[in-house]
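Have a look at the structure below, then the notes.
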């Protein structure tokens, strides 16, 4: 495996620092995603769960941007912009829903909503 | 390019839309009117635009690209067999409409629109020259029929509708697999270019190896045998018939069952000749078991409608027997059987429906001796029963005789009249016992319900609308069927000659297959091995 | 039956000789039929028109005697045309064909042939012989029925004559059809009309049951005929008589071995013949068929339809003479049926049923005649029997009509002495002497022809004795009826009438309950005229025995057709051709004396037991005899329990099988399907708890699945990477 190094602005100024490679970005992205997943699975508060999904989104976005930079094209960037836009719209909708659900049951507990039980 | 077939499919659909956007009170008249127009138009088309002297080739062809990426065309065309069945469909249309005037009193628009949609789909099945279109129409018939049974049937209708749908749907999904395999195989020979044109597939499908043909045959049979229905996959039929409304039963017995035999005739026989030659005796044995077994079951039924439904199973056995005889007499007889069974059994269901409207029971234990109450009804009942029994001079005999004769000749090696084929005299002899069985159960039915001392349900009141005996409207639904039964029984010669054309191709194909297998059995030479090897088809080979 | 086995060697020699004789007897060539005159095609058309008109009257609600007279008129025209056709065909022995239209056509060019079946009629002298009495008797009986059925005027009347005309049409097709399929059309058609007419009083369950029984039993026979037809087609590639017979003639001429199929065909046709002509083992429907109106019994179940089986075998005689075993079976079945039916007839009390059993018995004679190589004798007996049996039935009908349906011979006596019953009594007497075979009657000559042949044909001697015994029994039971019902002390008891229509039923019931006021109403002009004509005709028919060279006129008619076969043992016209003499005389002459004596002895028995010293209608000397015979008499009265046996060994097992099949269908065949339907439901039930509606559980599943997938991909990349 070859190690691809990202040429960054920092690289020219600070030789002593270890170069920040793609793997660093991906590592951060993976950690964020894991936090999001664990949060989503372990917490029962719907707002927290929603925030966790947002974290997962951003993790994915980070990875995309990293790859975009790697390949020197902008498809990843464009995609992230779209995701951010959609996420914003979605956040508005989702929070609206959460508010509605809260009004119905007076609680944010996700376990309150299990009517789909087979 | 001829728009006639397309118009026969589209006219009922327009009618259905028309009904949907009009008053419910008008639905029955609109339905009757549209189906009558379609029927008259189909008769004109058959007489004026179909060349009966060239009945074996596809005519009134219409073709447009539909899904070009996988070679699917919207392609229509009929030969004599398909045209005859389309005529049967369009004839039964107005009859079903007129028969439902007093029986259906709620959700009328949906009812009549469903009937029209069903008619369009059935026409499409017989008219399509493209396998994908065929399959689409074949499956699409299920939807309106499901609606008819599920919404307008009697007490146990939901279970019946579900069973009908799932049973036939499962079968035809397996058939779809068979179709796709055939299409894929042909596409391989065609440099990866797919085509669902039936003529193309017919031409090349028989090049599949014997093993492949066997698998494809069983897959296709899974779809069509359920529809026929062949023993032992017949059990959905009595239930569906018993629960369906009168018009539904008529269409079911008259046309929908024929989709199965038509499919066998159109696809199973030409696609997989080697496998059919090998398994024809087995299929024939199943049909004979069906003939006798279902016939005897009829005898102990107490629900008239169930009795007639089982009799369909028994009768269609003859139809399949004639098909797998693989000679002219058998196959022509079989096609005639499809039409004749549609007429006589359809009429029997109508009659039972009319009785049910008056007495609200179908049990032989509760009604009897109706000849003294309803003489006209009794006349028709006896008439169609006799047609069903196969009395010479009426239509049933012609087809039954030809089917049995075909089975008898098929493979008879002595004498002048024998033909090549996979069956033999014993098949005909056993099938012929069905003639006795059918006399037993049908005369039992007539003896109970028509003759004997009058018996009516205890809580019986005269119907508020209907007269005691048949009304003019009801008679006019039966009379055309009766006249056709008589005409087809007395003078079937022109039709038989016309049907010979389409059948001759299949017969010739089987002669060729037999000749080839005779070569294959001979010690192989280099020539024959190369001659038999798979040839990659050039693009130009395909039409 | 043991005798049959012992005789088999003789029969095989007969086979060889028969084949030789077939070649020598002028069967080597066959002339193709010429084109007949167009008007001959009107013979079957007339009854068809009448049928359509009666159907029309029915729909129009005609309430007069119009349908009857229409029928009489058209059938009369048909008869006149038949007579004209007789003069056209007979003198020169022509064979002609008249075409209506092409019925079935299948141009199977690819298989080297075509199936063409024409709606065409074949005229030879055998056809004419049959058609003469069919159309003649049908006309007379229609006239009779116009009065007999008068109580039912209205829909029933129209229905009756509709079916009656249809019957004559079907019978014409059967007899005149030029191919086997048209014969089959007629064959089934007469069966249908028989069904409709037996079930004429459809409110009576017994009538419906009898009609059904007749149709189904006939269908069993038809099965044989149908398979025979298919076999004939496969063998000859044609179903037209002319083609078949010419091929058979060629075969005979070539001297080649007879194909096995041709030897099988007679057995199949035989089954059909036995069904239609009520022979063992398919005879039980005929006595029950007496539920129909009497004119129907006279026409269909005595004179015409039941002789269709005889016609079939006579028509197909070229097949039968090639297979002596088949002929022997025909002879034995005929002889045994004759005896069995006669024994049952002796013990019955219903006069119509007695006549029915006598019909079965006489039909047995006809088959015996065909079996012992005298097709002429068989056909002659058909001809004479048609007249006298129709007379007998119509007389019984007149009695039934006059005495409100009374048919029990214990409740009627001395009818002939009552006012207005003279013609009926005399006609009955004429019929009885014919049936009993009193010397110099038509029945005497025709029966003798058959019995004498049985004696002279080697191997059939026992059958000759059986036939003689039966002749004696016949004389006895015939005159038992005559002595009990028509002469003796005058006494009567009206029956509980079962004439169809409701209003007349009520009317008659009143009469029946009111014995004091019941007066038997003597027959009117139509019935009397028909009876008189028939009685005279029955006597005159005897004369035809002396016309022609080949065993009488009927013989000469048969001689000109393919049914003719010259038995190597035949003794004709007083010259014994080396055939065994009977008591030192020519067999036919000897038979005159022997059977004459036998008939007289039978009548004497009947006189002693049933007339001499009888004071009342109900009792006679026979009662004492009956007590002595005990169980035998009881068994004979119960028809030897044949119906019960059939019921137990055929109908009940079949019914049980049907119930079992119905159960199998419901539980196993459908059960498996439903079982298959339960399978996904069961699986789903097992998996249901996993869907608990908590969406975090689903998400866990998703994450777990994703993790699993990643692990798999990783593992694969590890293994794949190393390679």
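The chains carry the letters A, B and C, assigned in the order they are written, with residues numbered from 1 in each.
Quick note on the criterion: contacts are C-beta pairs under 8 Å (C-beta built on N, C-alpha and C of every residue); 3 or more make two chains touch, one makes a residue touch a chain.
Just so it is clear, the structure is predicted and the values come from calculations on it, not from any experiment.
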Centre-most chain [mean C-alpha coordinates]: B
Chain separated most widely from subunit A, comparing mean CA positions: C
Averaged-CA centre spacing for the pair subunit C and subunit A, given as whole angstrom: 96
Centroid spacing, where centroids are CA-atom means, of subunit B and subunit C in whole angstrom: 37
Chain centre separation (subunit A, subunit B; CA means) in Å: 61
Subunit B-facing residues of subunit C, complex: 101-111, 113, 115, 119, 155, 181, 184-185, 188-189, 192, 195-196, 199, 202-203, 205, 208-209, 211-212, 215-216, 219-220, 222-223, 226-227, 230-231, 233-238, 259-261, 654-655, 657-659, 661-662, 665, 669-670, 673, 677
Complex interface listing, subunit C residues touching subunit A: 688-696, 699-700, 703
Residue ranges of subunit A touching subunit C (in the complex, touch as defined): 37, 40-41, 44, 49, 110-111, 113-118
Touch list for subunit B against partner subunit C, complex: 163, 166-167, 232-236, 293, 296-297, 299-301, 327-329, 332, 369, 371-372, 375, 382, 386, 391-393, 397-398, 401-402, 404-405, 408-409, 412, 414-420, 425, 428-429, 432-433, 435-436, 439-440, 443-444, 447, 450-454, 490-493, 496-497, 500, 504, 507-508, 511
